[in-house]
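Next come two complexes, and both contain chain A; in the first it sits with chain B, in the second with chain C.
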Partner chain A sequence: MTLKRKRSEVLSSGSGYEKYGSTYLIWLVIFFVIPVLVILAYSFLTRDYQGGIILKFSIQGYKDIFNLNYLTVFIRTVIISFISAAICILIAVPVSYYIVYSKFKNFLLLLVIIPFWTNSLIRIYAWIFILGNNGLINQLLLNLGIVNSYVKFIYNNAAVLLILVYTYLPFAILPLFSSIERLEKQLFEAAMDLGCTKRQVFFRVLLPNIKQGIVSAFVFVFIPALGTYAVPELVGGKNSRLIGNEIARQLTIARNWPAAAAISSILLILTIIAVIVFIYGGEKRETR
Partner chain B sequence: MPGSSVSIIEVDKYFGDFHVLKNVSLEIEENEFFSLLGPSGCGKTTLLRIIAGLEDVDDGDVLLDDKSILNLPPNKRPVNTIFQNYALFPHLSVYENIAFPLRLKKFSESEIKRRVDWLLNLVRLEEHAQKKPSQLSGGQKQRVSLARALANEPKVLLLDEPVSALDAKLRQELLIELDNLHDRVGITFIYVTHDQAEAISISDHVAVMNSGVVVQYGTPYEVYESPADTFVANFIGESNLMKGDVVEILSDEYIAVEFPSFGKVICYRDKPVKVDDTVLITLRPEKVRIMHNKPTPSDGIPGNVVHGIVDEVIYMGYQTKYFIKTDEGYILKVYKQHVSYLLDERIIKWKDEVFLYWNPDDSFIVEVEEN
Partner chain C sequence: MKPGNLTRIITILAILFFYLPIIVVIVFSFNSSKSPEWTGFSLRWYYQLFTSSGYIWRTFLNSIIVGVSSSIVSVVLGTLGAISVYLGSKKFRKVMWTTTYIPFTIPDIIIGVSLLIFFTTLNVRLSLFTIFIAHVTFSMPYTMMIVLTRLHDFDKSIIEAAYDLGATKSVALRKVIVPVAMPGIIAAFFMAFTLSIDDFVITFFVAGPSSTTLPLQIFSMVRFGISPVINAISTLLLLGTIFMSVALRRYVRYII
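Up next, the complex of A and B:
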C-alpha cells in the first residue's frame, strides 16, 4: 500500500513538463495565440479610412490584396527567403564542422553569437556604411583608381540577400553545430577505414546523419526571412520589396488594416505549410 | 582470404612533447592472432591506428608483406578496423552498414546481396538485417561491425578493445566467437586490449607494452610463465613478488635466497647472479601447494617449505584463494584448485597452521640489483 502510494506520488511530481507545462501554455495563449487570432479577425473586418477597423464582417481586405496584385511580391519573398536559407546552409555546414573539431570551439561559438548582442538595425546600418555609395569599399576603390564612379553595391536584391544571409547565418550554424557535435568522430574514421575518400565521407556519412540539423537550419532561416521587413526597407531597391514591407505599407501609408491583416494571415498559412512540409519530409526520409 | 604479415620497424611517435611510441619494432606473422597488451596510455591503440593509417609516424616504417604502407591513405590499405564503440552508421540498417564498403566498390546489387548474406550468416545476425543500429544490443552491434570490417576482405583485421564495452559473460562469448571467426576467415588479427586474460586466452603471440615500449614479446605461455620484468609479472596474472639477498650459489641452475619475509628458499637461477646480489623473485600463487602436515623429503617433494597461518580465505567454488601469513609476518598468496570433491578432504580454515611448498623452478628471478 505505502509502496503504491509513493510510486504515484513520484509519478505525479516527476517531470518539469507536468509541473510547469500549464505556465507555458498560459504564456503562449496570451502572447502568441491571441495576437494571431486578432490578426485573423482583423482580416475579416471592414476598413476604417482613418486607420483602424470597423466591427463589421467583410472580405474586402482579401479582395484588396488581389486587386493590388501581390503575387510577384509573394513569389519574390519566397524565392529570396529560399535562396538565403540555401546559402546559409551551404556556408553553415563546413563552418559548423570546422568549429566542432576546432581547438578554439568555445571561442568560435562565442563569435557566432556575438552579433546577437547588438541591435539588428545598427548592424544593417553598419553594412550601409561599408557598402554604401560613399561607403568604405567605394572610397577605397575610388582612391585606388580602380573605378571612376562609385559602384552600386546596395539598394538591390543582391544586397538584400547578402544582409539576410549575414543576419540569419547564426540560426543555421547553431542547429548544425549541435547535430555535428552529436556524431562520434569515429564514424568518419570508420568510413575512411572502409574505403571512403574524404568526399565520400562527407556525402555518405556526414550529410545523411545531420539531415535533421539541416532541416532545422533551413526552417530557422527561411521562416524569419519570409517575414523580414527592415532589411529590404534599408538596403533594398525598387524591386526588392518583400511581403513584410507591403504589410507595413498597408498598415501605415495606405491605412488599410484589414488588407495588412489579410496579407499577414496568408503569410502565416504559407509559413505553417512550409514548416509542415520540411519537418514531415525530413522525418519521412529518416524512418525509411 | 589469405592474410598478410605486418612488420613494425623502429616506429617513433610523438603527441606534442609526449613520446607515445619509443622505437617500437614488431613482427606479426601472416594469419596469426596477435595481441597488443598493455595498460591504458601505453601506446597500443596509437600503434593500431598507425597500421590503419589513421595516425602518421614520426619515424620508422610499417610493412605489409614486406612492402611499406605508410604512403597509402586509410581507404587504400587492405586493412580494416573494429572500433571500441562499434562506429556503426546510425542512419543505415544492419544490412546497409555491412553493404557500405561493397557499395563504395560499386559491386552489382546481386553480388552485394550474396556477400552481405554470407557475412550476416557468419556473425549470426540474419534476422536483424533490417534493424537500425540503435535497436541492437552491444554484442550485436559489435558483430555487425565485425561483418562490416570483413566485407572488404581485408588482409589484416585490427581490433581496438572490441569487447571492453560489454559485460563479462558476453565478453567471454564474443571472444570465443572471435576465435572461431579467426579460424574461419584465416586472416591476420591484431587485437588491442588492456585485459591480460583476453590476450593470453586467444592469441598466438602477445606483445606486452608499457610506456611506449614493447617490454616482452612471446607466446602466451612465455609471457605468463617467464615474465621479462616486474611490470609483466604484475600485469599478467597474479604473482607474489619478493625481494631477497642471494646467500649461496648452489649450482648452475639454483641459488639460495634469504628473504627477510620468510627465511631461506631455493630459487631458479635464470639470470646470472652472484652472492650478495639483491634479487626480486616472483612466485605464481597457483604454483604453491598448501597442506596441514609438514611434508617430508620422503614424500618425494623437492624444494621449499614455508610455515604460516591462514589469514584470509576466499572460496570461489572452483578454487580457494588463501592469504597466508608467514612466521615473519609476510602475506603470501596461494591459490588452491579444487580438482576433487572438496568435502572429502580436511578443509583448510581461517587461523589454521599450514605448510606451503613449491618446486624451486617456480620461484625465479625477475630483476637483479647488484651490490
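Up next, the complex of A and C:
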C-alpha cells in the first residue's frame, strides 16, 4: 500500500520533476520567445538613422518594404525553396529506400551522415572551387583553348538551387530513411503476392505509408531554405537575392532596423503558414 | 521487394554528387600552384596554414571555446529538460513540447536577428559571450530531444523499481536515470558541439568585431575568392568530421 502510493506520487502529476525542466524553459523564454516577440514589436517602431530605433509607433518599416522589389524577393524565395525541397524529396525517396534494403546499410548511412555533419560553408566552397569564375572547370576550359574568357557557371538562380539541394539533401534522406526503415518488409511481399507490379508497390504501398516521412523531409528542407543567407550571398547573382540577404542588408548596410524586423516578421509568418499547411495538412489526410 | 536498378543508379549518383566536390577540394589542397590546375604534389598550403595564419587559429580557438562551453550547458539543461518531460505531469509535458518544437521550425536567421535586436536593446556588447548564449539557445531543443529519445527506449518500471527499493529522488537520478540516458547524453553533446562549430548564420548576427569564429572567418575568405589555404582548412575539418561520424555511428539512431 505504502509502496503503491509512493510510486504514484513519484510518477504522476506534481511529482516535482517539473523543476528539472524549469531552467530549460526559462532559458528558452528569455532567449528565444521574448526576442522573437521583440522583433514583432520592432517592426512597428520608428527608424533611427544611426541604426536602431526610436520608441514611437510607425508602420514605416512595412511601407519601406511594400514594393515590387521586395514582393519579387519573397516570391523568389518561396519558389526556390519549394523547388529545392521537391528535388530533394525526388532524390531522397529512392536513395533512402535503397539504403534501407541494402547489404551495406550501415556504411551507406554513414556516407549520408558525413555530409550532414560537414560544415556547410565548406560544402558551398567546394562548388565555388569547381564552378567559380577562376574555378577548376574554367581553368581547364581556358587551358584547352575551348573558351577565351571564363564562363559564368555560378552567380545565378540555378547555382543557388543546385547548392541548396546539395546542402539540404541529407536533411531529406535521414527522416525518410527512418520512416522507411520502420515499415514491415512483409507489406511489400504481401503486395507482390497479391499481384502488384514493382511500380504499383512503389506508388500504392510505399509512398502512402511514408507520407508522414515525406512531409517532415519536405519541411526540413523548405524551412531552412526560406531563411538561407550564405548560399545566395556566396553563389547568387543580382537576381537571386533571397529574404535572408534582404534582412542582412537592412540591418547592416541600409541600417533600417524596423524594415529588417518587418521582413523577419513576414518570414516568421510564412514559416508558421508552411508548418501549419504541411504538418497539420498531412495529419488530417492521414486520419481521414 | 528488392530495390530495382533505377534506385541503385540514383543512389550511386547521389553518393557521387555528395563526394565528388569534396574529393576535388581535398586533392587540390595538395596542389603546388595557387590556381586550380594540377602542377604537382606539395604541402605548402598546410605549411602556410600552420606557420603564418595565426588569425585563422585564433578564430578556431574562439570556436572551440564557444563550442565546448555551450555544449556543456546545453546538454546539462537539455538532459534535465528531457527528464522533466519523461517523468513530469502531462500539462507540463505539453508546455515543454511546444517550447521545444517552435525553435525547430523557425529558420536560423530569425533566431540570429531576434537575438541581435534583443542584445542591442539591452545594451549588451556583442562578444563570445553573446555567441555562447545564442548557441546554447539553438542547440538545447536538439539535446533535449536526443536525450528524451533515449529515455523513451526505456521501461519506466526500472525507475519505479528503484523507488520501490528505497531510492530517494537524487539517488534514482544519479544511479538510474542518468546512467540509462548516458548514450543519449553523449550523442547530444556531440550534436550540440557540431552545431556550434558549424554554425554560421546565427553567429554572423550575434558576433562582435573581436569575436570572430572559424565559420565567419571561412565565410569572409570564401567571399574573397578561391584559395588553396581554404582547401587545406576544409580538408582538416573534413577529417575531423569523418573521424567523429565514424566514432559516433552507434549513437546515430538517437539523432535521426
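The rule is short, and it goes like this: the second predicted complex is superposed on the first by the 252 of 288 C-alpha atoms of A that agree within 3 Å, B and C clash if a C-alpha of one lies under 4 Å from a C-alpha of the other, contacts with A are read in each partner's own complex, and residues count from 1 in each chain.
What we mean here is this: a contact is a pair of C-beta atoms (placed from the backbone, for glycine too) under 8 Å apart; a residue touches a chain by one contact, two chains touch by 3 or more.
Predicted model, so just to flag it, every value in this text is computed and none were measured.
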Chain B versus chain C as contact partner of A:58, first or second or both or neither: neither
Contacts of A:184 with chain B and chain C, given as first, second, both or neither: first
Touched partner set for A:192, first chain B, second chain C, both or neither: both
Touched partner set for A:212, first chain B, second chain C, both or neither: neither
Touch count on chain A, higher of chain B and chain C: C
Touched partner set for A:42, first chain B, second chain C, both or neither: second
Partner chain in contact with A:200 - chain B first, chain C second, else both or neither: first
Residues of chain A at both interfaces, chain B in one complex, chain C in the other: 189, 191-192
Residue numbers on chain A that touch chain B, as the complex places them: 184, 186-187, 189-197, 200, 204-205, 208-209, 211, 286
Contact footprint of chain C on chain A as seen in their complex: 3, 6-7, 10-25, 27-29, 31-36, 38-39, 42, 52, 91, 94-95, 97-99, 101-102, 106, 108-115, 117-130, 132, 134-136, 139-140, 143, 166, 169-170, 174-175, 177-178, 188-189, 191-192, 198, 201, 219, 223-224, 226-230, 233-234, 243-244, 247-248, 251, 257, 260-261, 264, 267-268, 271, 275
Residues of chain C touching chain A in the complex: 1-4, 6-8, 10-11, 14-15, 17-19, 21-22, 24-25, 28, 35-37, 77-78, 80-81, 83-92, 95-96, 99-100, 102-103, 105-111, 113-118, 120-121, 133-134, 136-137, 140-141, 144, 156, 159-160, 163-164, 169, 194, 197-198, 200-201, 204-205, 215, 218-219, 222-223, 225-226, 230-231, 233-234, 237-238, 241-242, 244-246, 249, 252, 256
Chain B residues within the chain A interface of the complex: 52-54, 73-75, 79-81, 83, 85, 87, 89-92, 100-101, 104-105, 145, 148-149, 151-152
